[in-house]
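What follows is one structure encoded as structure tokens, with my remarks underneath.
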Amino acid sequence: MATPSNPIDEAVIVVMRSDSTRADVEHVAERLRDIGAEAHVSPGKHRTVVGAIGDRAAITQLPFEAFPGVERAVPVVSSFKFVSRDFQADDTIVDVGGVKVGGGNLAVIAGPCAVENRDQLFASAEAAKQGGANILRGDAFKPRTSPYSFQGLGEKGLELLTEARETFGMPFIAEVVDPRDVELVASYADLIRVGTRNMANFTLLSELGKQPKPVLLKRGFTATIEEWLNAAAEYIYKEGNHDVIMCERGIRTFETATRNTLDIAAVPVVKRLSHLPIVVDPSHSGGRRELVAPLTRAAIAVGADGFMIDVHADPETALVDGAQAIVPREFLELMETVRKLADVLGVTY
Amino acid sequence: MATPSNPIDEAVIVVMRSDSTRADVEHVAERLRDIGAEAHVSPGKHRTVVGAIGDRAAITQLPFEAFPGVERAVPVVSSFKFVSRDFQADDTIVDVGGVKVGGGNLAVIAGPCAVENRDQLFASAEAAKQGGANILRGDAFKPRTSPYSFQGLGEKGLELLTEARETFGMPFIAEVVDPRDVELVASYADLIRVGTRNMANFTLLSELGKQPKPVLLKRGFTATIEEWLNAAAEYIYKEGNHDVIMCERGIRTFETATRNTLDIAAVPVVKRLSHLPIVVDPSHSGGRRELVAPLTRAAIAVGADGFMIDVHADPETALVDGAQAIVPREFLELMETVRKLADVLGVTY
Amino acid sequence: MATPSNPIDEAVIVVMRSDSTRADVEHVAERLRDIGAEAHVSPGKHRTVVGAIGDRAAITQLPFEAFPGVERAVPVVSSFKFVSRDFQADDTIVDVGGVKVGGGNLAVIAGPCAVENRDQLFASAEAAKQGGANILRGDAFKPRTSPYSFQGLGEKGLELLTEARETFGMPFIAEVVDPRDVELVASYADLIRVGTRNMANFTLLSELGKQPKPVLLKRGFTATIEEWLNAAAEYIYKEGNHDVIMCERGIRTFETATRNTLDIAAVPVVKRLSHLPIVVDPSHSGGRRELVAPLTRAAIAVGADGFMIDVHADPETALVDGAQAIVPREFLELMETVRKLADVLGVTY
Amino acid sequence: MATPSNPIDEAVIVVMRSDSTRADVEHVAERLRDIGAEAHVSPGKHRTVVGAIGDRAAITQLPFEAFPGVERAVPVVSSFKFVSRDFQADDTIVDVGGVKVGGGNLAVIAGPCAVENRDQLFASAEAAKQGGANILRGDAFKPRTSPYSFQGLGEKGLELLTEARETFGMPFIAEVVDPRDVELVASYADLIRVGTRNMANFTLLSELGKQPKPVLLKRGFTATIEEWLNAAAEYIYKEGNHDVIMCERGIRTFETATRNTLDIAAVPVVKRLSHLPIVVDPSHSGGRRELVAPLTRAAIAVGADGFMIDVHADPETALVDGAQAIVPREFLELMETVRKLADVLGVTY
């Protein structure tokens, strides 16, 4: 788990104002040369453009737009180097407590949104197992928008999940929301989830980068794919933890008929740009029970490395997100279709 | 093609300020009764809420937020009545020059983005036919952002499309962008497309509502599903034209890796809310050739009534949107997978 | 009103994939040279970037992303050439029926949202005049989202506005929504407004570019400033009509406490990028009566060339947008503050 | 600093499906009565609406959309009770190391974005003092998107700020990004800033709610005003810390000419909804030096309780955000105008 070296250049295009002087252009070039970067000056009839290519850490420091004569500076090379296909051509395959995810191996993650008590967890876990899930979900710490909402069972929840793991023979995933809890959650869980609200919580990500359990990184509400890959690359992967699974869970748009807008194209885009596996969360993106099945089918068809579904034996009494959980019978039906689609599409499951 | 009557109420919830008086509440109720609507007053411990239910045309006129003591007014019943499942439970099946779309019948629309000349059109049309398309696409009028771009062949393009229809035995779809061209385009095309920029061009929509050819209505860049269904309902359907096909083509988000964000969940949402068929445009949403196949697979899997794909024999020389067109060989391969998926999912094609 | 020549280059940065070949790079350069453009090749250690500079119409045609080895193409020079400060350094001053707007001259546009009848119009117009407005607003054609809403009085409304112009000595502004109405509206109004929904209705804009009355162009719901300036430049200015006033009226965001989010920074940004005047609409952006005064103060303070306000003698009975209209007394109070601010800031009014 | 009691009800409107049964409606009502809430049933001709009013903690737990026959549930009363005008009518005035903020008292916060070294800090602090700032800004911990960027001096930076406070007689504000640093930062700073990325970091907010120093809470990139006020109310105020200042700093939109879109209307909206003071950050919203002055003028004119500006003696060498810092001379000029505007508008400064 050593930190890889830095082979990829950063490129920034500096567009000069039409009234910039030759001295302004030379000043930009000089500042670039000072830090060991290359400056390619392209004079147009009315505007000059300077292409800056060089070491990322150094280039990022230069406040080009504060230089005289500069109109704007546009970064052109995506920057998530360690997780890019340029850096590693082969798919990363993440081992989650013995279950392989990525490289054609499908993760089927199912279970209740939150662990409420032993009976509720075990009923969901049994349904997950029967349907063919290979990873159990269930949270012990819930970062709720409203403090009046159920906040999770804490360590007691992790103990119940551990017991369920033994009973049903499935590794489990649990969320962490506070950097001070990373060690605790990592001591129990097989896969640690970073929720949407924390995608840019660099303090938390850095802690996760320093421990050995794999991490599932959900996309931020309005994060671009580039920002999301950057968070994975720079704050988890770079700290030494290379076992990262991306999780598309919908982004914020003007649409209100769904809780979030599932960006289904993010799957092939991430797979083209990065070697990391990517799974889809059809429950939290749609936010409605009846959308889980169609969105799961779309996820398989588009080429995702898996999906994560809320299954609850009695959604109407669920303490968290009941409106989007499906019941065990619906999960079994859905998984039959999933198997047929996986077969047609040649996915190993 | 008579205009249906109006059986669905509009409901608005009027939330009073916490310092509103009894007279303020009574004033709201009175204004509602004046227009023949019902006013259900729910006094809370600190706030009163008035539920207003009644005739839509009348309720929409009341500027509740200008009334004394009113905090805000929230409409709660979706309004696209004529195209809603409440209004008609069965799927609408649209007849496009003999091809049925909706109700389990798949539309496979393929061809070049714009008609450039006879050879280009016929090469694409032949590939579309071979791959199994049942509707030909090809535009004669192009509403381009930049006026320097190719603007289409006009009526000459429509004549070439008509010739291709005879040659390959496929009805065709073409776009209209100016209300003054509706009659001309309708005299040639089997299906008339309203582009994204014109989804809220009510002048254009009204003209289309008054003519007999079916209309494919693309979703606006940032339109919600409700706004989109409203445009279909109120400006096309209500004018008397009931043959409307919805087309999801991606919405504007902060993501820039794709041209737009395909809202794949819009398909099951529209099918739940409305009886109209809905197809997906994987070419314009992704904006990149390599995304066409995965997004088409997702469209079929999620339950769309069809899809529309740019196929061009030589994308590099295309005058419009070359970056997102696939070549004939790619189309043939994709259609093989589509057939297998349709088979597994029980879609008639 | 001749069309100006084209002195500004378009620049596009073509970023090659990391696995692109020398032949791929050469192919891009060759295609550029074929159209008479310059190709500046900047080879980095891992990626090559090609700067393409040349004639805009030609460069816009090339589908770079369909070329082999191309990762993406980024346009870097803003394109609204005719309306840019590069093209004309001095402020454009638009003459609206004898009232100067721009270059330090403040437009105070006030009146009812829609002309409902003679009494309503004249009561508002009188208040506008008393408060110190110099242009009267009032629409005869209203493009409403709902067809059940009042659609305007049509030509009768324009006649009433003409009568009010004579009575109060103020030129007037009115909206046009259909290209077939341009001639009619232009025959009455002193300033023609293009509404938010029509900012990208290029058919309508082209018609306005061909007639002599000045045009006030509202910003589209989600248009960037660049897209907005482009619409002004390419479809109105380029057709020969150089009298364009930009109108910032709020953009669509996730915020729902206001109808739209007034982008107050658009004022200094437009003034830096363009020579056209820019006014602010505090009524439609905020959408609430109590926001009109603070937003108008902000507009003056930020440097706008004017503002446009809905004033209605009896907002509660207004047929259109009553919730955001202020009453005559509020307008008078606001204008007192405006005069003091204009004085402190050195604005001629 | 006791936690206030809970006097405000939550109201939710439950819209039933058109095919819901009487039993479905009764079930909703029963579940509400079970938790002690009121259920107001409003039967329409085609749809029934249930108004649910009652204790917030209880109502929030009910997953209405998982109940049979429910179409959707819409919360209608804004929820940030402790910080609402309903809860406290008078303006909160926050004491920042002796400087009053709110209730007509203007905060002028100025200084470098990050503390880089003693000379840089003291040069900026001197300029801030001369211009008339009453609170010094300067960060010791910087949460940067890129880990290659300068991350701040840590405790050493806080010591330098403390020294500057003594020298120039100005209290200072500093950011905290990790819950583990709250105690440390609170032991030095007079006002603690929560950055945009951390507005929804409830772990961090809770820690700040438990300590006595006032908190300045920046708005999240895409947070609505309601979400922002909720974060202040529920995670800081409710924990016992009532000294909260809101800071509008721009939201994410499609506009790219500015770093963020300053939502200037948020100022009057927050002042109407809440008793907390609100200041504006013109530096980080605009992201460009030339926008600082106009946006600051707009902030004063719209009624903000202050503003926060990056002032740097040599922006071109700044390690953080140099492109948006203004130089001491520009700050002095701007403050002259600010004083005149404050005078016209009757603001105490």
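Order of writing sets the labels: A, B, C and D. Residues in every chain begin at 1.
In this text, contacts are C-beta pairs under 8 Å (C-beta built on N, C-alpha and C of every residue); 3 or more make two chains touch, one makes a residue touch a chain.
All values derive from a computational prediction rather than experimental measurement.
Participant: Name the chain whose C-alpha centroid is farthest from the C-alpha centroid of chain C.
Facilitator: A
Participant: Same residues or different residues where chain C meets chain D? The copies count as same if more than half of the interface numbers are shared.
Facilitator: Comparing the two copies, chain C and chain D contact each other through largely the same residue numbers, since over half are shared.
Participant: What is the distance in Å between the mean C-alpha positions of chain A and chain C?
Facilitator: Chain A and chain C have C-alpha centres separated by 39 Å.
Participant: When the centre of a chain is set as the mean of its C-alpha atoms, what distance in Å lies between chain A and chain B?
Facilitator: 31
Participant: Roughly how far is chain B from chain C, centre to centre by C-alpha average, rounded to an integer in Å?
Facilitator: The separation of the two C-alpha centroids amounts to 27 Å.
Participant: When you check chain D against every other chain, which residues touch at least two of them?
Facilitator: Correct list: 222, 252, 254.
Participant: With touch defined as at the start, can you tell me which chain C residues reach chain B in the complex?
Facilitator: Residues in contact with chain B: 56-57, 60-61, 63-67, 79, 143-150, 177-180, 197-198, 200-203, 221-222, 227, 230, 234-235, 238, 252, 288-289, 315-316, 318-319, 321-323, 325.
Participant: Which residues of chain A touch chain B once you look at their complex with the stated criterion?
Facilitator: Those residues of chain A that touch chain B are 222-226, 251, 253-258, 261-269, 272-273, 285-286, 290-291, 294-295, 297-303, 337, 340-341, 344-345.
Participant: Any idea which chain A residues touch chain C in the complex?
Facilitator: 7-9, 11, 13, 15, 18, 38, 40, 42, 44-47, 49, 51, 53, 74, 76-77, 86, 252, 254
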